[in-house]
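Below, each structure is written out as structure tokens.
One chain, chain A, appears in both complexes that follow, with chain B as partner in the first and chain C in the second.
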Partner chain A sequence: MKGGGLRAYALIYLLFLYAPILLLPIFAFNSGTVIAFPLKGFTTDWFVQMAGNAAMRRALTNSLIIATSSAILATCLGIFAARATTRFSFPGKGPITGLIMLPLVMPEIIISMSLLVVLLGLGVKLNLLTVIMGHTLLCMPYAVVILTTAFNSLDRSLEEAAYDLGESKWNAFRLVILPLVMPGIISSLLMSFTISLDEFIIAFFLAGNEPTLPTFIYSQLRFPKQIPPIMALGTVLVLMSVLLLTVAEYFRRRGVAKTGGTDSGGFL
Partner chain B sequence: MTSPTSSASARRPDRSAARALIECRDVQKYYADYHALRGIDLTIREGEFFSLLGPSGCGKTTLLRTIAGFEDISSGVVLIDGQDMAGVPANRRPTNMVFQSYAIFPHLTVAENVGFGLRRDPRPAAEKAAAVEEALGMVGLKGYGNRASHALSGGQRQRVALARALILKPKVLLLDEPMSALDRKMREQMQVELIKLQRQVGITFVLVTHDQEEALVMSDRIAVMFEGQIAQLDGPEALYARPASRRVANFIGVMNFLPARILDETENGVMVDAPGLGVVEIPSRNISSADPGDEGPSIGFRPEAVSLLGPNVAAQNRVTGGVIDEVVYYGDMTYYDVRLDGSASFDGKSRPVRIAMRNVFGREVQDVGTRTRVSWSPGSLILFR
Partner chain C sequence: MAAGNRSEAAQGLTLVAPPFAYALLVLGAPLLTLLAYSFFKDGYLTIIYEFTLENYLAVWSDPIFHKIMLRSLGVAALVTVVTVALAFPVAYFLSFVVSSERKPLWLFLITIPFWTSYLIRVFLWKVILGYNGVVNSGLKSLGIIEQPLTFILYNVNSMVMTLAHAYAPFAILPIFIALEKIDRSLLEAGRDLGENRMMTFWRVTLPLAMPGVIAASLIVFIPTIGDYVTPALIGGGKIPMIANMIQAQMLDIDNRPLGSAIAVTAMIIVAALSLLFLFVNRRFLKVRQ
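On to the complex of A and B.
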């Protein structure tokens, strides 16, 4: 069969990529305490155990606070940066943009270490706030790229037209620009949220005694007894991600249809 | 009454007595080192269809945006309806603009687009809706209000942009190359509609275009701009028939140029000698200025101002022999490049001249290489000196 080799390659590739994720729910519902085949019986105990674990709940709450705050902060700052770079020209624009994008290529371990040194040097107490600052720094490049694309795709005369029709500059922005870049803003929020939620190194360095989901999971892996509940937690996280992406894609497609743009691809 | 010097013709109302609505006095605009507007002096009359015509980069759009309030001027004065516009932002000026891209808000419906400028209007919603419907009717889009604006065609978008600007009843409507996004057929149709619309609403229109044909078709008066300056301000006929300089002549339509020697100043004009045409007296009203780069004086004439004579047609004007160098057939018109006898007599360089002939019934298209006769009259020649 023509292209049979390529087909097989694609199939194996996808299997390699996603089969491990499928193992999560399988072991999450397996009554055996050891993560190995053959499977024993069906149980939902692990979910109950996981939900009853106070440390886990604390880690989850922390992670949600950090991810939400970082996403909002990075997106707000990203809007300023994207608007400035797409609308105005000013001295030092190139280097400034470059510096904003730098965390994208800089090893995270270096960022974490240098932040830790500075924070300790300044005598700042390590807590959720310091992680939020680190994650905002990390999410900024993604937010700026997504938002710059959104702002760039807008015709500059749209804003001028609104202004020309008697609106103030702020109203022109609020009534015309903001609704049109809203899909970009939502993309940026989701992207930043996801990056922050599963970020490990910065959270590990800067959280002090506060656990986040990744650091909590990592700490639990040392105890074999704790592994099945972690599998249950992983299953819940996968389901939530799928749900989140579906909702985001729904809104993105609706936005595209509403403004009559051509669908240039999204998350799904 | 149309005076001989006025640009107004029978088909356009004479507004030479109308009140000045926009006045620009020595307007200068610098972008860093770039001198975009170099002393614009301009008066646009009330109710006029005025065009700013010029090649890209000549400053015509900058001047329009200056009037709209999107650009600050470096020095000079812009008055609209007698009021100094210094420090008055675009959203407080009695002007509205139709943008080159139309700038239709894609997330709003047609009616929401047209009614956008009425947001601050204190009238009740029903009255505003009626105003929107009336504006849509004016541009031929009655009943389109609930349509999504992104689904409109280019021509419909332009109509929405027009309705959106006109609903505010501005003193001046500014149009920035509004036809450039339309195909040829649509463009010609919209040109005629725009003229009609302008007459109907009676608002002063200021159009920016690089298309000389469009400017000639639509305008009461045209300002031709080069390099931030107005080269000539005149009505379409005057601009075409008596361009003020070679550059204007070249920009508006096609003009043939032949080198000329000035022999004598006479009471009514100038006696010149031109290769192929011989000694002619050019009346003083047909004398224009040369441009700095020109090599001496020259004689110019339009391709349709002369004609090829058929073999058995008697000449009524002066006649020069020549040989057809090239024939370009356009269906309704044929363009001939003709080498006039003696056209190389000045410097040995032979310059074919372009002659346009309408392909009327019974007139045969002549072949390349044919000897022919060219009929012309001294009154159709222009001297650039």
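On to the complex of A and C.
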């Protein structure tokens, strides 16, 4: 077979990538209280224990509120940016897009620290809203990337046909463009939701006393007794992420197929 | 079409205004504030709004800052080299061996671990590499080792491994994209002109893939420098990197001007190194145009 050695290497590499995630469920169902081999027996106690934890439920509620709000805000802002950059040319396009995409490469510690300094300086109380603010900024570039692909594959003549048939600008956007980029929008919502759900640094510094799932996990890691239930929570979290991503990928591909483009693959 | 009369530039600017304003407000203004703070004096629990270079002088002459900055740069450089070297063959495999209908599936499989909780992945590396971790307990129960392996415990090695794992997809994707752009007939031409497979790769494929390698290096290097979680969890808090130092200065010690000066200095160093890296590799980037 062509590239046999490379294929073997790629498979080993995939195993390396998945090793931590594969270990997670193994220990989540292991009845031993210490995370080590050999395994003891099968149990679902850790999941039950996690589900009954009031602090975890509060963190979960907070995380869902933050992730939903950030996903919607980031996607809305992303639609503006993607539409503007794919359809129009305007002065300062480079620097403007540069600033919008900057959070992609900016270390999160800098983003959260600078935002924290300003918020504390202004006397703003840290709560869920401040986390949503940070997460929206962080998710926006990803939304822009996904939506730009969606808007890019639009055939401009469809829009012009709508104008010629007497539709207003807004109606043409609502009736022609929006349905065509809808898969991209859904994909962007799901991706942003996943990013926000898993984000730790910004939530850690900007949430005040409110826990989110990742900061809750972080606070529990110090206690060895808490680790097996955390493994169970981690398993659920990873499963949720994988599920959301698979659906996002499905919509992204459908979007590509809908507008008749060829699939170039990948999110980034 | 009343709105159609407006110039294209005006329409574009109006559309891009909301996301741009948001980025300015939530990212641009805070960054400028950080810069401003770095020139102010620290009073007890307040900031004295007076211009001073004291913070920078304090940072630059601080041996702890030198040590932590050098460690961060060293770890980030090592992670970059390891990540890019490990990722290149995978990107090559994806681009040259995998059939085009299977490519999206492979790319999807590679990106999935990246999108799952970073904190959990880092923590799991601690579980894998720790004193009673998976590797040590597994090897012990198989009777291969008597004592736990210490070279993978809470040190720079384990940090490099964890970070190389975390940023793997970041390295694969840019290299893959660069390889995909290579005109396959160039490779045939190389072979026709009598080069063997190895030399064709060395003299044609690799130089053309360099823009991807350069992008991958920067994409891995920049966020790695600022990593907070890995030193906190894997290093056991005993091997801080620059992000931990900034956080400690800003919150624990509550000296925001000094913390800002550290952050600004670190950003300048990283930006300068990135530009230098681009400059050194400029001949590869020119090939593209």
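Keep this in mind: the second predicted complex is superposed on the first by the 238 of 268 C-alpha atoms of A that agree within 3 Å, B and C clash if a C-alpha of one lies under 4 Å from a C-alpha of the other, contacts with A are read in each partner's own complex, and residues count from 1 in each chain.
The criterion applied here is as follows: a residue touches a chain if its C-beta (ideal position, glycine included) is under 8 Å from a C-beta of that chain, and two chains touch if they have at least 3 such contacts.
Quick caveat: nothing in here was measured; it's all calculated off a predicted structure.
In the superposed model, A:Phe80 lies in contact with chain C only, and not with chain B. In the superposed model, A:Leu180 lies in contact with chain B only, and not with chain C. In the superposition on chain A, A:Pro211 makes contact with neither chain B nor chain C. Contact with chain B, but none with chain C, is seen for A:Asp164 once the two complexes are overlaid on the shared chain.
After overlaying the two complexes on the shared chain, residue contacts for A:Ser241 are found with chain C alone; chain B is out of touch. In the superposed model, A:Pro229 lies in contact with neither chain B nor chain C.
Judged by the touch definition given at the top, the superposed model places A:Asp155 against chain B, while chain C stays out of reach. Counting the residues of chain A touched by each of chain B and chain C gives the higher count for C.
With the contact threshold set out at the top, residues 163 of chain A are in contact with chain B in one structure and with chain C in the other. Those residues of chain A whose C-beta lies close enough to touch chain C in the complex are 2-3, 6-7, 9-10, 13-14, 16-21, 23-24, 27, 34-38, 77-78, 80-81, 83-85, 87-93, 96, 99-100, 102-103, 105-111, 113-118, 121, 133-134, 136-137, 140, 144, 163, 169, 191, 194-195, 197-198, 200-201, 205, 214, 217-218, 221, 227, 234, 237-238, 241-242, 245, 249, 253, 263, 265-268. Residues 155, 157-158, 160-168, 175-176, 179-180, 258-261 of chain A touch chain B in their complex. Interface residues of chain C, counted against chain A in their complex, comprise 1, 3-4, 8-13, 15-20, 22-24, 26-31, 33-34, 37, 47, 86, 89-90, 92-94, 96-97, 103-104, 106-113, 115-121, 123-125, 127-128, 132-134, 137-138, 141, 165, 168-169, 173, 176, 218-219, 222-223, 225-229, 233, 243, 246-247, 250-251, 256, 259-260, 263, 267. Residues 68, 70, 89-91, 95-97, 99-101, 103, 105-107, 116-117, 119-120, 148-151, 164-165, 168 of chain B touch chain A in their complex.
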